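So that you can tell them apart, the chains are marked A, B and C in the order they are listed, and the count of residues begins at 1 in each.
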Amino acid sequence: MNTSGRLFSTFLFSPIGIVYLLFLLAPIGFFLSMSLFRYDAFELYVPALTTENFERVLTDGYYQEIIFRTLKIAFLTSLFSLLLGYPLAYFLARSRTQWRGILMFLVIAPLMSGIIVRTYGWIVLLGSDGAVNKTLISIGLIDQPVQILNTETAVLLALVHILMPYMVFPLFSSLASQDPDVERAAGTLGAGRIRTFLEVTLPLSRTGILMGSALVFTLSAGSVVTPALLGGKDVQMLGQQIYDLVLTTLNWPLASAVAFVLVLCQFSIIALYFRGGRHGPA
Amino acid sequence: MTQEPVLEIRDVVKQYGDVRALGPVGISVREGEFLTLLGPSGCGKTTTLHIIAGLTNPTEGSVSMKGRDITALEPPQRDMGLVFQNYALFPHKTVFDNVAFGLRMRRVPKPEIKERVERVLEVVGLPGIGSRYPSELSGGQRQRVAVARAVVIEPSILLLDEPLSNLDAVLRKRMRLDLRNIQQRLGITTIFVTHDQDEAFEMSDRVILMNKGGIEQSGPPEEMYDRPESRFAAEFIGEANLVAGEVVEVGQGELKVKVAEAIFTAPAGKMTVAQGDRVTVMVRPERVEVSKTPISGGNTLQGKVSSRVFSGDQVSLTMRVTEDLELLCSKPSTALYRGFDIGDPVWISADDCWVLPRVDTRKGGAA
Amino acid sequence: MTTQQNSSGSSFHAARRSRITRQIVMGVTVTAIYAFLLTPILIIILSSFNTTSANTFPADGLSLQWYREFLESPSFLAAFQFSAWLGVVAAVGATVIGFLTAYGIIRYVGSYREVAQSIAMLPIMVPHILISISLLILLTVLPIPELAGLIIGHIIICLPFTVAGILASLDGVDPQLERAAWTLGASRLRILWEVVIPLVAPGLFSSLIFAFIISFGDVYIALFLSGPGMTTLPIEIFSYMQWESTPVIAAITTVQIIMIFGLGLIIERLVGLRQIMRI
């Protein structure tokens, strides 16, 4: 490329470059490096190197429990999203129905309605006066409303609901880009439906599965609003801890250490995804 | 008077990583000439055209126009009109706006734009379609609009990148003449890229045959056809009988070559061969004479018809001379030539033959 | 087929039966998944017409009182307006930057396209809460107004989506058109304006809408960066819900849902939502 071509590509890339470097990577780097600073009640943080924040996060039973719960909920969320998202993505990728456009819209629409809207929907559904309890009582399964709000189940349900579209997208694109003839070929070679699915379709959609799982895991592990509204005091996750430490306790170095642990979990998942993706059919 | 070339490219090389796509190549183009870059796909002809247009930068070498070095200039600073293979008409602009585009970029005043666009649309034979969109035109019309858009800016050189390959066979033949007419009416220097030998021959003043990123041979169409320099040139341009022979005598402007048991006399051209050299002799199928009765004289062989293909206006006969020598002969489908049948003994004469001056290592071997 | 009907008739029927069974299983599964996806949203819409103040369902009666309450609440109205304003600003910013980036990726990075695309997708790989806190801390260090921080934060979370969407649109543009314009004398910038932008206009418009929707629904960026006088609607709802929970929330979110469905349908008409699913 000659000089003016280089100049023009600099012009094209500098806005995103400036935004990402100055407002995304540098601040995140600064915030995460704060985990090595000492907390100070008056100056918030003192740039003196210390490992005390990490020691506290990793040894305190309170944080251990929260880390464990966060990982558990994030894992279950991505698992259930996959179990529900796969049939949906498969259907959307293979179906020839004239309703396909609308059906796709209905997957995307919840995503577009925002986290608050959907979390609120679950409050209405799961409350002691909510639709679920009333239905269960009216069919005589229970006589007293059961406590669903403020449990891990509620948080899990809502997170699966909120994040499932993120699973469906990558699954859909990996399934839609597959040549349906490959499946048909397996069929003509005598493989049954289930064999065909397990040996052809599933391995070929591996990239989509890994990408979607990593995305949902990351997003659920970092959630704040949903566990705060549906989990109450008892279902604390890492995101809420960071939120409280930053805005209420104002212990930024500790918040940074907690965030660091969160990011570490996520990056190990993404690293797993990339390792898995390399072995997959590219 | 030998005028200065309009365009000259010197020692141009295009390298993609470790792969050399082109070069080194040198071409010079005369004013008003219709020059064709002919070759199979991947031979570097389109790369050459893009380097001339400035769309691709050469790795080495230079391009100059009327004595000025333009290697570093970008397309807008060069004075060239390019017609693309798929026409590349702007789908969101009308025919008028498509053609006017280059003039607007040159800040030509509006009334003049209108006048020039209308005039050029008349030249290409499409008056009054300015308000239509490209999608409303036929393939041939789009092609003409693309030419109009390229020539309206009155470029020093018109570049045509396989502009006929998207048309059906009948239209393609007609457009060859039309394009040539437009070119001559405007007197514009033109470089045409194609893989179609017929197109190249019918339209060009001069043909450059390219192969594997280099120039194989160049010259006027008739010379290219009659005097190919290599096996590739002989086979890519038309059909050719290529037979192995051995030089037995080097005479004054003449060679005597032993083919099978016969002695062929061929023009020597400018080549330097010695007695005993192994060479390849080319005879075009339509220049092979066949007869059911013996022919005397030089350049004659005797054989049997081994296959006969009738294709309407032509009859093609394959004749076996020896175990490893077959000759193809194409003749007009008159009663005389239809009369040959498989198995008939025939006498063959090939007075009009040519010895390939460049010896390929593949067959015959360099002596 | 007819000659074989007798011998293969039973297996033919068996195959047909199993195909119908399979279709029924698939249909029931997909319907159930859709029910799961859509029930919470339908519940919100229905309970917004409730007469009592509790979040009960089914509704005890029909009324529009919660909509009236929303329209009479200055804080909710102000938040709605601010969110809409912020959404427009962020959408324009993310679409302009996204277009430049996508065009650069498609024409100027050659075989590094995959890498460049992954880098552009960075913000969906990083938890939004982290983006938000880091921006907040940046604002304590650099003299940047809070509002600017909020706008930049929203642009950052919208960019992966605008880049991906516009890339999909640009894939449909024949690069020869740009070359043609170039040889005709147009500068690189002029080519963008005269050729590329008109051809991807539907993609740009749908990218604008999609970015607006993302910005409008965002909680995490605003959670840390919205201050007094610049509270977004989701944050207003969030803080309201932490203390009380009445169907006025349902009324507001219903308005939001209707707005988003309308905008989503516009995208569908413009480029097809399939393009968005290519992320």
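Remarks
What we mean here is this: a contact is a pair of C-beta atoms (placed from the backbone, for glycine too) under 8 Å apart; a residue touches a chain by one contact, two chains touch by 3 or more.
Since this is a predicted model, take the numbers as computed values, not measurements.
Among the chains in view, C has its Cα centre nearest the centre of the complete protein Cα set. Counting C-beta pairs in contact, the chain pair with the largest number is A-C. With each centre defined as the average position of its C-alpha atoms, the distance from subunit B to subunit C rounds to 55 Å.
For this pair, subunit A with subunit B, the centres built from the Cα atoms lie 61 Å apart. Note on chain placement: the centre of subunit A and the centre of subunit C lie 16 Å apart, centres being C-alpha means.
The set of subunit B residues that touch two or more partner chains comprises 74. Across the assembly, subunit A contributes 1, 4 as residues in contact with two or more other chains.
Contact residues of subunit B toward subunit C in the complex are 53-55, 74-76, 78, 80-82, 84-86, 88-92, 101-102, 105-106, 149-150, 153. Remark: subunit C residues 22, 26, 29-30, 33-34, 36-41, 43-44, 47, 54-58, 96-98, 100-101, 103-104, 108-109, 119-120, 122-131, 133-138, 141, 152-153, 155-156, 159, 163, 188-189, 210, 213-214, 216-220, 223-224, 234, 237-238, 241-242, 245, 249-250, 253, 256-257, 260-261, 263-265, 268, 272-274, 276-279 touch subunit A in the complex. The part of subunit C that touches subunit B in the complex is made up of residues 174, 176-177, 179-187, 190, 194-195, 198-199. If you check the complex, the residues on subunit B that touch subunit A are 57, 72, 74.
Residues 1-2, 4 of subunit A are the ones touching subunit B in the complex.
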